[in-house]
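A, B, C and D are the chain letters, set down in written order, and residue numbers restart from 1 in every chain.
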Amino acid sequence: MSENVDATLAPQRLGPPRSPISRLLESRLIGWVALAAALLAPFVTASPYSLNVMTTAAIFVLLASGLNIVVGYCGLLDLGYIAFMAVGAYTAGIISKSFELPLLFTIPAVLVMTILAGLIIGAPTLRLRSDYLAIVTLGFGEITRITANNLSVTGGPSGIFGIPGLLKIGGLDVENPAVLYYLTVLVVSLFVLASARLGKSRLGRAWRFVREDEDAAEAMGIHTYKVKLLAYIFGAIWGGLGGVLFAAHLSAVSPQSFIFLQSALVLMAVVLGGMGNMRGVVIGALVISLLPELLRDFASNRYLVFGLLLVVVMVFRPQGFWPARGYERERATVDVDPPAVATEQGR
Amino acid sequence: MTAVLEVKDLQVAFGGVKAVDGLSFSAHEREIIAVIGPNGAGKTSAFNCITGFYRPTSGSVRIKGLETTGKRPADIAAVGVTRTFQNLRLFPDLTVLDNVRAGMHLYGGQNWADAILHTPRFKRSEAMYTDEANYWLDFVGFEGARGVPVRNLSYGQQKRVEIARALARKAELLLLDEPAAGLNYSEKQQLLVLCGRIRDLGTSIVLIEHDMGLVMELSERIIVMNFGREIAVGTPAEVKANPAVIEAYLGKDDEGAQSNGDA
Amino acid sequence: MKTGTRKTVLLVIGAAMVLTTAGCGGGLLSSGASGAATPSGPVKLGMVVPISGSSAPTGAYMKNGAQLAVDEINKAGGVLKGRKLELMVEDEACDAQQAVASANKVVSAGVVVSVGGYCSGATLPTLPIFQKANIPMIIPAANSQDLVKQGLANVFLINGTGKQQSTTALAFMKKSGFTTVALVDDNTSYSKDITTETQAQIVADGSVKVLLNTSVTAGESDYSAVVRAIMAKNPALVYWTGYYQEGGLIINQLKKAGFTGKVMVADGSVDPSLPKIAGAGAEGVFATMTQTPDTIKGAERWIANYKAAFNADPGPYSTQSYDAVRLAAKAIEDAGSTKGADIIKALEAIDGFSMFSGPLKFTPEHTLSSGGFVILVIKDGKFILNALQP
Amino acid sequence: MTQLIWDGLFVGSFYALIALGYSMVYGIIKLLNFAHGDIYMLGAFIGFALLTSMGGIPASLSLGALLIVLLVSMLITGGAGVLIERLAYRPLRGAPRLAVLISAVGVSFSLEYGIAAIAGPNPRAYPIRLEGGVFEVLGARASLPQIVLMLIAAGLMVALNFYIQKTSTGRAMRSIALDSNASLLMGINVNAVITRTFFIGSALAGAAGVMAGAYYGKIDFLMGFIIGLKAFTAAVIGGIGNIKGAMLGGLVLGFVEAFGSQWFGGQWRDVFSFAVLILFLTLRPTGILGERVTERM
């Protein structure tokens, strides 16, 4: 195949999107603008209520960015994602309460527990077909909640309350809602960034290959099972840390916070925002968590609206409102030097 | 010199149907072998056994002297096999470059921590991925946009991308499943040249093909299959003269029409 | 990220900071307590109750009861020399997260006293929020022991506690001669609290025997498993401590299974829907409940007022919510201020304030000195006061 | 003990009725219809609306009235099922499975909260109640309504089985389940058959909803969620896509749950049945009666 390929066969619409809104969303600046907005918001309104709403929204963004790894990148439908948050919140709550430790010091234990949870849920089920997997994760989510409700170590139905704050050093009291808010925004933006970066790495590509075609991915030497398990574990870690923030924020953890509805809400944020596209997911999460607070009339019917939206978006825009962009920048000049390794054999 | 690929008494059955029934052959370094035979002869099933997508009922597959029978596809790929599929199996929503990068997954060069922290190692490794992907696209003569989803491309372009992806794996053994299907005459000629250049890289090629002209011109040895068995093997000239082959291909009625058609 | 972009970002942040500090109030840099009521404006009371979710009807009863008291007090001239009361109702949905959001909302709005709290599980995480804001909570319905266990100064329960309810239940069992009992809860915080307490008191007392203590999962239709377990033990009395939805089903299924003993329910099941769901099995079911207007002698006028105001019958916790508002007004008046600490002191000092549940005096742990629980019975599909009281 | 078996059988027949719809739809278009449990809820509410609009019904006529309401509700829920397929699933045929599943979750939410918006979030007491004599059989108490309802359920299942085995539509359904493209080539109107499948499956779930409302006496907008999952479990236990398997799975799950809650206590019942589901899916995804499907590329 020499160079005389008929290039006119290729479709014409190849470049980046042209509409100003898409351009804004694709811009590298948008992350910084969003962060600045989050940091400045308390200067506009800092009532306990608005801080509470904003902190809740930030935690929700963290959850959505975690689920995006599982559903968006890797294409595994997880209907029980909130279980990981439950594991994180309960682990943090139980340890910090029984040892009177600030929540920050429970994070190593939380990581261990959520990774374990990811392995326990993922290891036996990730070989299943995607629709079976969805139901199994839903089952695990419910099992987690009911177990927390029935055990005494988790405080039974009342759950755990009076959980110490994240940290207390001298005058800096993290229990202060504004300080907690800033800390949450900091942690969440770091994790959103990390998850976006993971998406654009070798592992992130492997997740997408698995999502698009498992057999082809296997043929390229990608251990699909391991890669899926990794997606699960990363998702679990994001969820578990969301749980720690949740415990710090509410100072209480109870089973009612981990019902299926919550998993579904996080899923809606990911799907409506745009599976696999971190910017879209963040916007989706903000819309889903803030809209009911802003529009009172909407709040009572939000689940109906979200449900209908899910169907409409799937039918008309299966990639979500802001899908992952399908193009990337190309090299400026033609590279004539063969890469050094190109003629070597093997790895 | 050990064979790059050694297949011995390979058998695979679905329920009662034996798709492959005692196939044996081997491929040596820098050799181009064609597997031909009527539809349903078990060619693709044999490929799927070699690459681990089917588990053989009995028999063995050795690649570079290593027993790979019954291993999972990813592990076999790691030993040194790469392949294309009968019907394109690209990642349709991903870009051309990303599709080729899939072939380089095994090179590593970065882990998840590098990715999160954007270490210098990560940046080097990403640059390497991009450079090599471009190199292999150039190698197969791919022209056109490389940063767009591959589903936007024409069929011929997609075929090239799939070969580039397989080459990027840089394995000693390349299995091509009907690479010429759906290509026009000039594209087939380019494919012929490309296969020679691939062999010059030191890669052995085993290909399934229906286009007899191409097969005769390209391959050093031909294996003819029918009903899951090998009915003839030899150089193009030998095979052409083999009465069993003539019967399998031309014996009855219009099977010969396949000689220049697609599956 | 190029340095150019970073500079732009810093510029944007800087500009926005200047704008916000110069302009609007209410932000971090603005001085003074945000949203606090001006000394002459209305005195705000916050009420976080379930407006949505499965407990929504009760939330409506509570809201109306509280509103009735607010209207009456305002008509009589308000508090603190003519300042009006204002009720702010927010949804808890029986969910911790929602309750916390709503609690923060009423705190931000500058309420002086909280008069809400229905689901114990949802009310628990709101305690620290009101405590930090130093706002006294007069909790009309939620009554889990966990609410007062932490010994927070600002928390006052004016519903009888699980403990007091259990005491009444046990006294009634003894007086009516039920010697064997099965305790069934629905695995919610409120319900479990009562069964745990009842079990403990029965064991300590020794004259009644607990044959079975079990939980069911709320929200299902088929409770044949627990029905079978009860039938196998055949206790003289089944004490159901969950809510009315499941209570009705269990009573109905017990009846169908041929259970001949009696059933008693706790206050969460006292709802006009219970007899409807329970069907024919409902007659003769007992309940431990604080007084409802229906059962209080001389409350006819109150009921008439309620009906006139809302065109609906009062329901569970209408009276408690009504009393919570009256109590809040009384404490504000006594304290002569809207400061949390003063109101708490005034609440602790109250002695003999007349309420539906009887004259009020708080115990040191801020619960009612007497629970005011009575025994109701279902007759002709309605809860009425039982002839025999413990 | 016999009581346990009887109770398990009774609950199991409800599971089986709903599981049938799951299994039929899955068998034909490989779609896990997440909203199927909500069709059951919809049936209960339609029955409720019909009975309420009929006004007071004397107790003597309640069974007859119930049968009429049952039929009408089945027609309406069947129609609803067809409509859902048209609007939410058909446009996605050929789309990734993830998209269809998410669409199904969306339908489930729309049904639940749509009903909550129309009928209010509070549980409703059913206007008629099936009360009747009680028999003592081998130490188990069985009531007349239970027997009537199980007979109705059994009748529906037998009729369905006949329909699938003996009629041309049934044959078409089975052939689509095997290979929908080949069926299309053989001149089968695939869309029409899928529509019919949704109609029948949804009608059966609607029937189960009305029956549950009349027997248990309480309905609410979330009643379909858990039972939908249970029915899916039943379908998996029996072998998803297999009609007889769905019936068997329903009965087995009924028993398993009855025994499970006996041993572990009622609060662990759901944990127990989900654990059974997970075990089956991981160890024997083809269920008891399911056939092994050879995986081909």
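The criterion applied here is as follows: contacts are C-beta pairs under 8 Å (C-beta built on N, C-alpha and C of every residue); 3 or more make two chains touch, one makes a residue touch a chain.
On a predicted model such as this, the values are computed, not experimentally measured, just so you know.
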Exercise for the section: Could you tell me which chains make contact with chain B and chain D both? Expected result: A
Fill in the blank from the handout: Two candidates, C-D and A-C; the one with more touching C-beta pairs is A-C
Problem - Core chain by centroid distance, with centroids computed from Cα atoms only - result: A
Exercise for the section: Could you grab the centroid distance between chain C and chain D? Build each centroid from C-alpha atoms only and quote it in angstrom. Expected result: 38
Completion exercise
Per the C-alpha centroid definition, the whole-Å distance linking chain A and chain B comes out as 38
Fill in the blank from the handout: Between chain B and chain C, the Cα-mean centres are separated in Å by 71
Completion exercise
Note: chain D residues in touch with at least two other chains are 267, 270, 297
Problem - Per-residue overlap in chain B, given as positions that touch at least 2 other chains - result: 53
Exercise for the section: Please set out, as single numbers or ranges, the residues of chain A touching at least two other chains. Expected result: 146, 149-150, 215
Completion exercise
Per the touch rule, the chain C residues reaching chain D in their complex are 52-54, 56-57, 187, 214-217, 219-226, 228-229, 231, 245, 248-249, 252-253, 256-258, 273, 276-280
Fill in the blank from the handout: In the complex, chain A touches chain D at residues 71, 75, 77, 79, 124-125, 127-132, 134-136, 138-140, 142-143, 146-147, 149-150, 215, 260, 264, 267, 271, 301, 303-304, 306-311, 314-315, 318
Handout entry: List of chain B residues in touch with chain A within their complex
Key = 51-53, 72-75, 77-78, 80, 82-83, 85, 89-95, 97-98, 101-103, 105-112, 114-116, 118, 122, 125-126, 128-132, 134-136, 138, 140-149, 152-154, 156-157, 160, 165, 169-172, 186-187, 190-191, 193-194, 201-202
Fill in the blank from the handout: In the complex, chain A touches chain C at residues 28-29, 32-33, 36, 39-40, 42-53, 56, 146, 149-150, 156-159, 161-162, 178, 249-254, 256-257, 293, 300
Problem - Contact set on chain D toward chain A in their complex - result: 30-32, 87-88, 91-92, 95-103, 105-114, 116-117, 225, 229, 232, 236, 267-268, 270-271, 274-275, 277-278, 281-282, 285, 297
